[in-house]
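Next come two complexes, and both contain subunit A; in the first it sits with subunit B, in the second with subunit C.
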Partner chain A sequence: MLEEQNGSKTFIIFELAGTTYAVRSRLVQQMEMIEEITPVPNAPASVEGVVFSRGRVIPALNLRVRFGFERIPIDLRTRLIVIEVGERNVGLIVDSAREFISIEASAIQPPNEAISGLSGKYIEGIATVDNRIVLILDLSEVINLAEILIGDQPAHTGAQPAKQG
Partner chain B sequence: MSIAGPEKNSEFLAEFLDDYFAESEEHLAGARRGLLALEHFVHQSNIDRASLDGLFRSFHSLKGISGMVGVRAAERLAHQMESYLRALRDWQATLSPEGMDALIAGAGLLEKIISEHRAHAPITDPSQLMARLDAIISEARNNRPVDNSTTGSVSTEPDPLRTSLQALAIGDGKNVWRFDFVPKPELSARGINVNYIRAGLQQVGELMHAAPRVTPEGGIAFEFLVSTSEEITSFPDLFDDGVTYARQVLLPAGGAATVDVDVAAAPVEPMTASYQALSSRASNMVRVDLARLDELMRMVGDLVISRSRLDERVKHLEAALPAPEWRPLQETSLAMERQLRDLREGVMRVRMVPIGEIFERMQFVVRDLAREYEKQVKLELSGHQTEIDKFLVERLMDPILHLVRNAVSHGIEAPNERTALGKPREGTIALRASAAAETIVIEMEDDGRGVDAEQVIARACAMGIGIRGRGAGAGARGSGVGAESISGPREYEKLTEAKIEKAENIDSAELLELICAPGFSTRAEADRASGRGVGMNVVSNTIRGLGGTLELKTEAGKGTLFRIQLPLTLAIADALIVQAGHHRFAVPQASVREVIQIDASEIKILENNDVIVYRGAALPLLRLTRLFGLPEDQREYFHAFIVGSGLNTVGIAVDRILGQREIVVRVINDPLIQVAGVAGATELGDGRAVLILDAAALARPAEGRRIAAHNNGLPRPSNKSVESRTDA
Partner chain C sequence: MAAPALDIRNGRSSSVEKVREQAEEVTRAAVEISNIAGDVGRGAEEQAASIEKALGSAGAMSSSLKDTATQAESVATSAEELVSSINEIAASVEQVSANSVSLAQSVTQTSSAIKLAGSSIQNVVGKAQEMSTSAQQVTASMSEIISSIKSVSSETDALTSSANETAAAIEEMSRSIEAIASNADDLSAAADETASSVNEMAASIEEVAAMSENLASSVDELSSSMEQMARSVRAVAQNAEKITEAAAGATTTAEQMDRSIRSVASLAKQADQTTGRVARDAEEGGAAVQKSIQGLGRVRDSMAQSATVIREMGKRANEIGGIIDTINLIAERTNLLSLNASIEAARAGDAGRGFAVVAEEIRNLADRSARATSDIATIIKGLQEVAYEAVTSSNDGLRIADESSRLGEDGLSGLKKILAGVEETSRVTGQIARATDEQLAAAQLVVGAIGTTAVQAKQVSTAMAEQTTSVQSIVQATGQMRRIAQETAKAMNEQGRAARELIKTAQNTTSISAQVRRASMEQAQAAKEITEAAEAMRRGAASTSRSLVEQATAGNQISTEATRLANIVSSVSKAMAEQTVAADQISAASEDMRRQSDQVAKAMTEQAGALRDMMGAVKDVSRQIGSITRANREHLNASASFSGVLADVRQVTERNVRGARETLRVAGGLTEQARTLNAIMDGAAGNGFAGKKARKKKKSKR
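== the complex of A and B ==
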């Protein structure tokens, strides 16, 4: 409703490893507390498992692992942010999330190479809201398949089957 | 034919296009049945009138509806076929074998053209076949016994159906009115289309006839004949809707002939078609998009899950409340379960169609191939009323077609050879279908020479195809003739050895595996009907993709039997719920052959493989905990379920079997969670996702080991253990 009005856009902001991130609320389907995630054998390390969301089976992606932070146990503050990008639905596991904010388009700057850290290439822009610095995520990069499947192999990857002949 | 400005009328046509494809399918099926009946009359001239009329109507309708949507090639061809049928009927011409062939070829070509139109593919030119038909018709004309010199060309006769109906009604003292409707975009904008008009006319009286025709301007118009018992002189409402009308009268002297009086419209073109199918016959039938049924099925699935949630809650209450408090709830829940089962079956039944559709087509395939290979073959069908999911019908056509082709070209011997063997000259192919519990069984059996194991092995060796599990390496199936599926020269030697020493020992599952290998062909040179080397591989992949299994039984000199087993439905299945490493998994019951309990001491280790003795043979045992890298407890006993067949039989060991229940299969779409050995996910009522195991994938040695190796970094086990099993 407020979306795209007066040059401002609405975002969901969440915390991850002490940093504040924002995702476009338009791409967020829902946000829920995490009860249980069913692990999937042989899935990439950042894929914690599967959950049901509105009758669909979706992957739960641990954003800490995805961005190279340390994994922490799921607690009461942990949230699953279910996003819809293109045809895909993915749940993002984040430390905590609760705010819904509107950011003026003019308050968003392109990412500064010097301050983009581990999550650098997933950052679409940087905004300052109430003296807080918020990193705006490019969700299609965050759930980029090729990168997760190839670049982010399971930690316990064993020997690949040797080719015969 | 251009249909009144394609742009203006595109919406109007789109409305018809889906109907067109569905309806042409029906008419083609009718035509095929009619042609089979007609075949008994080859070389005869007194052909059963009913058979001819039925066929005539099918082609007539195909012509009409094809013309309506502008599939000119189909329209012309159907017209020509109709002309020949008319010649047979009206001139009592003798049905020549060439004529029969042309009719069958025509039906096939019509189907081809229509599907090409559907696929927006280039359309095959029917001219050659039409010329053939033309020659046959000329011959029939020259030989006709009685010269009933009324018309020079058959195609200008008035539509006999319409004429007789009209005569009948008028003779009955009814008034017959003719209505003409020309669809226009501005009418369409008001919601007035042919369906609307048809419905309106049905209020006026009895709709006797409805047909589209092409106006001289190249547009499209519909004419309707309606009989009324009341004296009505005008239809002002209809006139507002762009309909013109005129009363029809019977000329007393003209016998059955009628003329249209005061009709301002252009004379009816010969290309008129019966529009009956849409108007009357279909009145109590509904065509439904399969996607809508899928949606319905999904909703039923949601209900099943909600009910199991309810059940779960009731179980909690049982512990906390006195019986009179929870019992009514429990009863309601159980009643709901039964009702849901009925609902689910009801929805499934809507999707079911008889398999006879596929079987009947095989009649033609067998007929054509038998001629081509100069063999005598009869096809016996049974269980063609067996109903299967529409989704499966579409996908089963090609596999069954291929099996039947193989049977005629490879299986059945030439008549002289059969006589020499003491077999009947005519070979028999039997196609059988039956439904058993949750599965459909389709069998194709021939009484031919059987699959020659030695020849197959020799060919396999020559082509470098190995049996997985026999030699040193196991390759992934369906990966093509790549490094993984051929295991190196060492392997062929092994195979050759196996052939010399124990050719009879090759079991049918191994044989099947060889003939289903990618690229396998028993013929040095591929021929048209079979042996293109892609066939059996595609057959087995298709069937596996549908969650089914393919089995082979063959005996040298006696015949071959292929058995296809498929799950009745894909969305809801009975499953075993198992537990391994503190996780629950669902295993579709259809894939489980048996459940056994194993004492830990019974497990023998052969070069890193767990093996148990099962029914007197060694059975490889895969532990789910290891396959999936789950925590493993020290256990005194395990449960295992047996899956796979032949050399792919394995036991999959789990910590315990928790029970058996109905599950709703949810597909996994996101590639991040698509992993080998997992077929989908389900929910058991507690909101948690439970993975559904793909037992067949786990049973395939290559995949099973790959999953394990991927997970544990274990060296690839050798398959000595498998060999020891064959020796046992």
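== the complex of A and C ==
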């Protein structure tokens, strides 16, 4: 692999609520502009609904809601980052995502003790790129389904109680 | 109690003892009963005695109650009688009251009748007094008549004698009168002659007088007309002087007017020139205003054009914005594509390295175009704002241009009005100039005319002064003439008057002499008649004297009668006065009577009321007596039953007494038996111990 050979890894950089995050490009299937999201009944608050992408139906997770920020309307710069972790495909809704960069492994530091509490578990590491602080996300934690269900209240009130599992 | 055996003596002894004790107790009880029975007997006897007493007093009470009832009944009867008699009294009192009321009324009537009588008596008295007075007056006038008759009588005597004397004198006079009559005839003839000559003289004097009066009046007329002329000449002279002064003043004024007219004329010319300049300026201003209005119109048009252009530009800028959006979208999509390409290239490893570079460059281009479109968007936004502001300000400019145009038109119309005013002013000033020129000419004529007037007035004044002098001398001359004529006329008048008086005197003389003659003849005739009359008078006087004496005698008698009448009237009057006083007293007394009868009536009424009250009270008394009677009867019944009960009680008490005596007797027997028993017991016991004991006990009991 390219990353292993020259000691660097490639990342997709995205912006969320004024903070710069990075996800490993290896885990990214593709990126899309959001055209239509179909809401689903009794979904958790952070799950906007489902989207149709390359012949598959995948859930769209609003990362702002997931991280406890306020929801903003979708615009030209809003992006859906489709990731594959394990056998699961999930679309992450972010404010914007315009960069593909490679970061030296030496530039990545483990998360600081101060932020390694509750929020620290989503952070795999912290890198400095062109004088910008970039938080590298641990996607397996981000899309932890149990936590999504527990941490969120249902976003939509359906006619039936939720059936989870 | 047979003789006891020794073996049983002890046993018997104890039972005997017991019996003895019982016997003693019986004895004691019997004694007590006896005592009690004694007490009962005594009490019963006392009770019987007191019952006897009670019975006695009950009987007494009963009898007294009976008496009381009887008395009450008689009282009731008498009360009823009293009521009926009171009723009778009340009826009679009411009658009395009614009678007294009618008495009061009749007294009142009497009183008023008495008053009437009193007033008529007073009238009679007044009349009697008047009569008395007139009788006295009659007496007095009769006295006077008598005295005058007496004096007439005496004078008649004197008259008779003097009539005789007169007759004699008249006869003498008659003779001398006849002489006078002949002289009067002579005098009359002479007087006739004098009268005719005096008449002639008077006629000539009157002619002269008339002529001199005519002369005086014509002199007067002349004099007054001369004076009038003198006054008018003086007035003319004064007027001429005034005219001269006024002419001088008018000259001065005319000169002043001339000067002022000249200055007005020059001012009018100046005004005309100024007006002409103002008119020119106004016309120029009007032209300028019209030009500026046209310029404003052009400005407005170009403003509108530029506003349209700017709006068009804004629209174009909007279109550019739409295009920029499209470009942005393309840039975003390009960026997305390059990212996906990079992802795929990374997955391809070394094989994708070149592809990754290309993707990188595409991403950079896309970013640049995005930045450029962002810049353009900013610029377009600024441009749109500027265009909006330009449209707004050009709209403002349009509005201001419109307003300015309107204001310019207002100014133009104002200037036109000014022009019209200026033309009017010019015309008026031209008229003023012409008028002042005419005035100037007229004023010069006026000055000349005034100068001529002044000269002529001076000449008139001089002439009038000369006329005044000559007229004054004429006036003086005529004044002298008038005085002379007046004096002449006066003298002639006096002469005429004297002549007239002379004529009158002559005429008088003639007529007097005729009268004298006539009178003398009449006197003569009269003297004869007087003589005859004197004779008749003498005769009549004698008879008058006689009858007067008779009259005097009758008058004396009348006087005496009148005096008597007066006395009688006086006494009547006095009696009437007394009657009046009596009537007044009667009136007062009847008034008192009326008052008293009123009081009596009132008192009767009160008595009637009191009687009614009394009757009510007596009825109450009667009723109470009835109730007392009833109560008495009940008391009587009660005391009768009480007596019955007492008798029963007495019987019971007597039985008690008998019972008590019986009891006493029985108790005495019982006591005796008990003592006997005790003695037996003592004997039966036979032994000292028990016996002693028993004796001791007996002793102690006793």
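Heads up, the rule we're going with is that the second predicted complex is superposed on the first by the 146 of 165 C-alpha atoms of A that agree within 3 Å, B and C clash if a C-alpha of one lies under 4 Å from a C-alpha of the other, contacts with A are read in each partner's own complex, and residues count from 1 in each chain.
Please note the rule applied: contacts are C-beta pairs under 8 Å (C-beta built on N, C-alpha and C of every residue); 3 or more make two chains touch, one makes a residue touch a chain.
Since we're looking at a predicted model, the values are computed, not measured.
**Q** Could you let me know whether more residues of subunit A are touched by subunit B or by subunit C?
**A** Looking at subunit B versus subunit C, the one contacting more residues of subunit A is B.
**Q** In the superposed arrangement, does A:Arg26 touch subunit B (first), subunit C (second), both or neither?
**A** Touch partner of A:Arg26: subunit C, not subunit B.
**Q** Is A:Arg88 touching the first partner subunit B, the second partner subunit C, both, or neither of them?
**A** Touch status of A:Arg88: first partner only.
**Q** For A:Ala127, decide between first (touching subunit B), second (touching subunit C), both and neither.
**A** So A:Ala127 meets neither subunit B nor subunit C here.
**Q** Based on the superposed arrangement, let me know which partner A:Phe100 touches: subunit B (first), subunit C (second), both, or neither?
**A** second
**Q** Which of the two partners, first being subunit B and second being subunit C, lies in contact with A:Thr10: first, second, both, or neither?
**A** It touches subunit C, and subunit B stays clear.
**Q** Looking at A:Leu76 after the superposition, I want to know if it touches subunit B, subunit C, both of them or none. Which is it: first, second, both, neither?
**A** second
**Q** Identify the residues of subunit A that lie in both the subunit B contact region and the subunit C contact region.
**A** After superposing on chain A, no subunit A residue contacts both subunit B and subunit C.
**Q** Taking the touch rule as given, give the residues of subunit C at its contact with subunit A in the complex, in rising order.
**A** Those residues of subunit C that touch subunit A are 328-329, 332-333, 335-336, 338-340, 342-343, 346-347, 349-350, 353, 359-360, 363, 367.
**Q** Would you mind writing out the residues of subunit A in touch with subunit C in their complex?
**A** Going through subunit A, the ones touching subunit C are 1-2, 10, 12, 25-26, 28, 30-33, 76-77, 79, 97-100.
**Q** Please name which positions on subunit A make contact with subunit B in the complex.
**A** Residue positions touching the partner: 35-36, 38-44, 47, 49-52, 55-59, 61, 88-90, 143, 145, 148-149, 156-165.
**Q** What part of subunit B is in contact with subunit A in the complex they form?
**A** Contacts found on subunit B: 298, 301-302, 472-473, 475, 483-484, 486-489, 491, 583, 627-630, 666-673, 675-678, 680-681, 683, 687-691, 705-707, 709-716.
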